[in-house]
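What follows is a short report on a single structure.
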Amino acid sequence: MRLETPGYSTLAQENQLKYSFSGSGVNVLSALSRFGHEAYLISALPDNALGEAAVANLRKLGLSTRHIMRSGQYVGMYFLEKGFGARASKVTYTDRLGSSFNTASFGDEQLAAAVAEVDVLHFCGITLAMNDQVRSHMLHLAREAKRQGRKIVFDCNYRPTLWGKDGYERAKSHYEQLLQLADVVMMNEKDAMLVLGMPTAALEREQQLKELLPAVAKQYDIQTIAGTHRRINGDNTHSLKGYIFSKERLIMGREHSFSVHDRVGAGDAYASGIIDGLLRGLPLEQVVEFAAAAARLAHTIQGDTPLSTREDIEKAVHNETGDVER
Amino acid sequence: MRLETPGYSTLAQENQLKYSFSGSGVNVLSALSRFGHEAYLISALPDNALGEAAVANLRKLGLSTRHIMRSGQYVGMYFLEKGFGARASKVTYTDRLGSSFNTASFGDEQLAAAVAEVDVLHFCGITLAMNDQVRSHMLHLAREAKRQGRKIVFDCNYRPTLWGKDGYERAKSHYEQLLQLADVVMMNEKDAMLVLGMPTAALEREQQLKELLPAVAKQYDIQTIAGTHRRINGDNTHSLKGYIFSKERLIMGREHSFSVHDRVGAGDAYASGIIDGLLRGLPLEQVVEFAAAAARLAHTIQGDTPLSTREDIEKAVHNETGDVER
Amino acid sequence: MRLETPGYSTLAQENQLKYSFSGSGVNVLSALSRFGHEAYLISALPDNALGEAAVANLRKLGLSTRHIMRSGQYVGMYFLEKGFGARASKVTYTDRLGSSFNTASFGDEQLAAAVAEVDVLHFCGITLAMNDQVRSHMLHLAREAKRQGRKIVFDCNYRPTLWGKDGYERAKSHYEQLLQLADVVMMNEKDAMLVLGMPTAALEREQQLKELLPAVAKQYDIQTIAGTHRRINGDNTHSLKGYIFSKERLIMGREHSFSVHDRVGAGDAYASGIIDGLLRGLPLEQVVEFAAAAARLAHTIQGDTPLSTREDIEKAVHNETGDVER
Amino acid sequence: MRLETPGYSTLAQENQLKYSFSGSGVNVLSALSRFGHEAYLISALPDNALGEAAVANLRKLGLSTRHIMRSGQYVGMYFLEKGFGARASKVTYTDRLGSSFNTASFGDEQLAAAVAEVDVLHFCGITLAMNDQVRSHMLHLAREAKRQGRKIVFDCNYRPTLWGKDGYERAKSHYEQLLQLADVVMMNEKDAMLVLGMPTAALEREQQLKELLPAVAKQYDIQTIAGTHRRINGDNTHSLKGYIFSKERLIMGREHSFSVHDRVGAGDAYASGIIDGLLRGLPLEQVVEFAAAAARLAHTIQGDTPLSTREDIEKAVHNETGDVER
Amino acid sequence: MRLETPGYSTLAQENQLKYSFSGSGVNVLSALSRFGHEAYLISALPDNALGEAAVANLRKLGLSTRHIMRSGQYVGMYFLEKGFGARASKVTYTDRLGSSFNTASFGDEQLAAAVAEVDVLHFCGITLAMNDQVRSHMLHLAREAKRQGRKIVFDCNYRPTLWGKDGYERAKSHYEQLLQLADVVMMNEKDAMLVLGMPTAALEREQQLKELLPAVAKQYDIQTIAGTHRRINGDNTHSLKGYIFSKERLIMGREHSFSVHDRVGAGDAYASGIIDGLLRGLPLEQVVEFAAAAARLAHTIQGDTPLSTREDIEKAVHNETGDVER
Amino acid sequence: MRLETPGYSTLAQENQLKYSFSGSGVNVLSALSRFGHEAYLISALPDNALGEAAVANLRKLGLSTRHIMRSGQYVGMYFLEKGFGARASKVTYTDRLGSSFNTASFGDEQLAAAVAEVDVLHFCGITLAMNDQVRSHMLHLAREAKRQGRKIVFDCNYRPTLWGKDGYERAKSHYEQLLQLADVVMMNEKDAMLVLGMPTAALEREQQLKELLPAVAKQYDIQTIAGTHRRINGDNTHSLKGYIFSKERLIMGREHSFSVHDRVGAGDAYASGIIDGLLRGLPLEQVVEFAAAAARLAHTIQGDTPLSTREDIEKAVHNETGDVER
């Protein structure tokens, strides 16, 4: 649950909030649902007014809520104070220790049944940081997916504040377990260096990518690795460039600069673009531009959750800005 | 009636709208009323709560509502979802077929009486696209204006979606009828080429203008033709340049680049500036800069309707931005 | 689509609206979905931003949108100005003639497939007033339902403004066609007298019911007829009493008086309570009290659409008001 | 200018306000304009953004703003915190000493020209409390009206806080000057006793009226005197009863009890009902019920300004509450 | 932190919330601060944006925040969906286990220093339900207060959901420890029967009070016990009656009925009235009516926190409702 | 009190406002309070609902309200219409003549006691423009501060509209009195030339500074003079450069360009940075960059009042923009 102050005000200045329901998985699934895929969220929500609101809003986003357990008492939340220019946006989390998701106990058949319904499963590094029970569910689910021959997508999404002190060390083995099972991985050079501890002599980001991605793909037997490089410019615009590594080839997309309305969720939009592009069997050059355009558009949309259709994104691949559509 | 989602959200994301009452004619008249002219709208609105709200808001904008008939049942509406950067603004129309305006039947004396009260009549190409009855009223009104020696302004405002398939062909004769009666026409090179089917070998916009405007003026016996050229830049700014053709001279104004708050209604602001400048007998060079500054300011104003005074516009002719006025 | 002014203001006073998506069918289905039933809406919506918003919100309400065609261009809307005390609430409709629903052309197999998925079909007298095409679809659907052995619920919902002049006469045969196919009918003594033209010497409402319902049930071979009697009291409260006729027995429920927050949709809540109660095979005395409590609660809920669970309603059957639940 | 906190919150609790432009004269004129009369406000407003907003909103209410001078710098304002039950609504005024209205200097021909355009002039005791210049303008205007044979309505509206210490004594001569010129006076027994110092032995309100109104009418040669008696009941409802005295007859209207949405401006609605009823030459019994119903409806309308049409009021004369109009 | 949906909507219907910072202690202290007392809150808040907002808002309410530790990470929150009539208001709590308050570790000198600054300490049964550490801090503080000769007020505020299964048994010893130290206790007959397990043969609430309060006062050596009896009526009004027991006398206040705007925090307003009345040495009859009027007014104020001054309350002791104060 | 229209709308377009309580002194004190200083405002506010709201909000900002007198009746206000691009923001003041601040009569001991509690006093040229009584209080306070050995900061803040015709001449002696007492002065070359009438042959701003500041410092015996140079660029960004003169050295800071969210209060943020930097004894180069960063951040914050902590500002000294903090 995202709770956001109006405009660019802080929590101390205001007495009103807008709320919505999102999360990395929700965002990827919502985007895929816009592309015409059926999207199922495996999660848990409390059987109270907040859970009810969450379920209703997930349905609204186009997700099937059939695999959402109603158990536990709490919903994970974060407060967002949107920044402006030199004042960064600020996220404040509420206690997630006892959330329905973190305390839910999924049965084996339940998970197997969920796997049976889908072609692709998406896992996120943020949930990997939660607790042992969640990690055990994730691993079980990934193995079951492998067993049933489903594709596995894993987005590293390493968040330092969630792993805390000595986080890289504590995270490594968990990341490795999922990497070994994954077909498609969202990752950058830092993940390789810091989480996986892989060495490189290169100093420049792109050079590091070129050295590390083949090594990662080889070591963990990963078919495809993709991600983005972002630069924040002095004039408040961002510059973004996608990349994808597959079959020994690293393809760097074109860099675009643009103004940002809502930063959160852009990575998930990129992931959704990669997944959809691969599922459609597009050439990798097109996949990476489609995904990057999806990410760019996600910066123009209020809230965490990407809402663009394939048509919207195709248009954005070619043009930066448009006049009123009427 | 314009119904607009908050901020940059879409209709599917929100549950609130802001509404206002506008339209090409309303915008031009409201702007002229700010310049000190008396402004009368000839239109029709239903005798219900929506019509009441529309009439009250037109009065608020400074229009005389004396020539607004209260008949029919419906008001034409559009929904506006404001875009951001690469995500274009989107307009969704409601059914206008049965609107009070489209079904109203104005009496001949009624129209003659309205003409008798004014110096200048403004016609808009959007209403020309409505239906035969509306077109017949427009033509009747224009002929009556001619008969009584009033000035006629005609803004081409060709909207492809309203004319539909084979639109240019279907529109041509209707446009020609009004062009032959008009003294001042708002038009660009595309109108000449596509609607009127006039040929040009030039490839560049400005060159096309130079060739076509004299030809149009001659063929339809038009005293003054004016318009703007707009470019949308990569950094979300727009660039605008006004032009005016009169007495064999084509004057191209200076180009200005600026950020855009609300795109809709800027063309109407330009038209109002041309009309006011001509009525005041300003030199054409000043007319075109005044009108272009009016258009630029209209981009900075919330809603379709220009609200700037002559003083505001004169200031904007010379300066792009100002500090707080206090 | 319902567009509502804030608080008790009129359209002429405000510049903001809240919107939601409802309708008699939506309300009944949403209520049944809260009771645990699967609910499918058969309708049509345009493939534009408004249609997208509508579909998303219907999903949010818990409806399956699988049988919603995306065709046509427009959505039916109404504006609501909430009244206070002696100032009645006011509804202003937009043009529905060209709405997606009124222009949609459903295929026979499409309708047959929809019928095949459900146990009960709900028809509403409001849609019966639309046009011949809609009526023909309704009749086709009802016959198909009969053929496949489904239960048919028909809510008379006669709206004078929709049928216009000589409405009762024009409506009669259409109503009769559906009554002959229906198993459960929502109706009151006025429907019998005015639409069906059935005579009664009784002067008092309840006495009229007692005479007419058995006659209607017999003539059209209807298993169950139900409805409510409402009184509006001087102190702004409403009094409501449910009734149900079945197997020769007319059961009058208890009358309750209560304050009203949102009047619209209460009849649909009553219908949903009747349907749920009958499906669960409750004794008729309980069915009528359950439905009346559902209707009472619907008056306390913002918007047209009932949101109460069975537990909420059971509580309301027994208590009028409660302290904070914490 | 009225600035109002949301809901029932106080200024210290909130950071948002709604604003509108009203005043006793504005309210009476707006109501009369709804009844089909032309309504002119004689006042002054500054030539700045606030004055612009005020003028636009007065136009929106249907007032002609032709006789509003644009001079001075300030607009009188008040803040309204709506109370609930035992917590009374609270009005906080801003400084009015230097307002445009209080500092404006109207020319004699200006006032004479304004008088020439109207049939009836309405004066209010609130403005009488402002300062000597305002009072001198009022007196001049009233005498000019008399000279030109116009009807004069004077609403006593004595406000203790505005007259301050020894207010009754200071006010008396000013009230007497206007009473001697007035044809119709809005007044109650307290005005007669406290402002005019007229004696009565009666202890009960209605008895005091019966004794004092004939005496006032005789002494100041007033044709018609009207007003209301209000009781505030324990259950938050108000009870209101109108009365009118004319040609030796005191007619007491029926008492009605009702819930209150917005208390301010109800007296002005009553005055507008009296004026309209008298202008139409209705029997006094009807005048008083029409005016009382206008006042009742004004309690149901957001803001100070009555917005009901004659049809709305006629309906309210007969029914207290109605179901949704659709 | 209280997060509240707009109007009477549910979390699933809306996307906006209003928030404020309250709590039983905050409410009592804020009320006392309005009465002219200095008020210190002993609590803990995180050193992040939420904590900053909380501290700023507590200052706004008039509390000294000097004794608020900045430690831990989370703030306790609850969501409020305001009910209407038969639909009860609903409170949904977030996880409080890890809140700053529940994890804070106060030093002994810190608490002793806080005690040294005040005359009276207020303890609340809600915090008693938190955890052992909190309870230990409370006991330490109460003993230190006793040692330094301060008055101790204890409000039982037993909340079944917080104590859970076998709550009464688990709570008893903790309540007894504080009762033995308290000078003034807020309590009703149920607390005595259920928490303290004291027997009574009486069946009627008031009779139970008469038997149990003297017994409680004697057993735990309490000087004064006070509380309220509330009835919720069929017409949505509440009836409230205060009582106080001291020096062998049980004084029952007058019962008042009234409409309710915001139910939460009324008990705290009553407690603040008792404390202020006792500190001022008013006769007990006046204390109980002052406190009951404070509680009544708290029902008319938006939010949990009472904001009335002594003058407001004195007025409310005598009158139920008032006209606009202007 | 600042009353602000939503978004970029004008007062004539809207019916809602946001309000807050600010002022040059409030802004400086609030910023210093964020830096850990205790901050006391010496002012006057009415004892009514507006005064109550003001006091509550000043407490919320972290100011001690102990030295705020409750006297008089009115609060000074201004309306803000935020501009966009070429349309400048517009401030409209209400009447301040009779405000509590302008009519308050502070006692000598009262002021002496206030001085005794603080290390530094901040005076503002805006209040110097009010009236003789205010100026006399300021002078008394400054002399008392000198007597007690406190530091005096004086911000020239010359506002032409407040001093009116012949303002520079009328202001000069009042400015000189304060300059002679001040230790730190906020001032630019225009103040020296226009208010103090000091001559310079230089034509360029920075050159003028270099000539005039040493002269001013010498003539009035001022230890430190600081200020900023602002340029408004064509693309709506502003460029700002701080400077400080002390001990014969003029240090020009680096120039930064940035987008502006809220222009008002940036000068006060700069002053607060200078004061804090000097109090901490930072090198002047660091003082000026710290103050300039504080000013830049103030442009990114909603409202007049700076809210940044030292940590926020230190970060902004080094980076222009940052990604989400999470």
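For clarity, chains are labelled A, B, C, D, E and F in written order, and residue numbers in each chain start from 1.
In this section, contacts are C-beta pairs under 8 Å (C-beta built on N, C-alpha and C of every residue); 3 or more make two chains touch, one makes a residue touch a chain.
For clarity, every value in this text was computed on a predicted model and none was experimentally measured.
Common neighbours of chain E and chain F under the contact rule above are A, B, C, D.
For the pairs C-F and B-D, the larger set of C-beta contacts lies at B-D. As for how the two copies chain D and chain E face one another, under half of their interface residue numbers coincide. Using the average of C-alpha coordinates as each chain's centre, F ends up farthest from chain C. Averaged Cα coordinates give chain A a centre that lies 45 Å from the centre of chain E. Between chain A and chain D, the centres computed from C-alpha atoms are 63 Å apart. Multi-chain contact residues of chain C (touching two or more other chains) are listed as 10, 12, 15, 20, 56-57, 60, 90.
Within the complex formed with chain D, the chain B residues making contact are 56-57, 59-62.
Looking at the complex, you find that chain F touches chain D at residues 3, 10-12, 15-20, 48-50, 52-53, 56-57, 73-75, 77, 79, 81, 90, 92, 94-95, 97-99. Per the touch definition, chain E reaches chain D in the complex via residues 20, 60, 237, 257-259, 261, 293, 296-297, 299-303, 307-308, 312, 316, 319-326.
Residues 7-10, 12-13, 78, 83-91, 93, 159, 161, 230, 232-236, 263-264 of chain E are the ones touching chain C in the complex.
Chain E contributes residues 14-15 to its touches with chain B in the complex.
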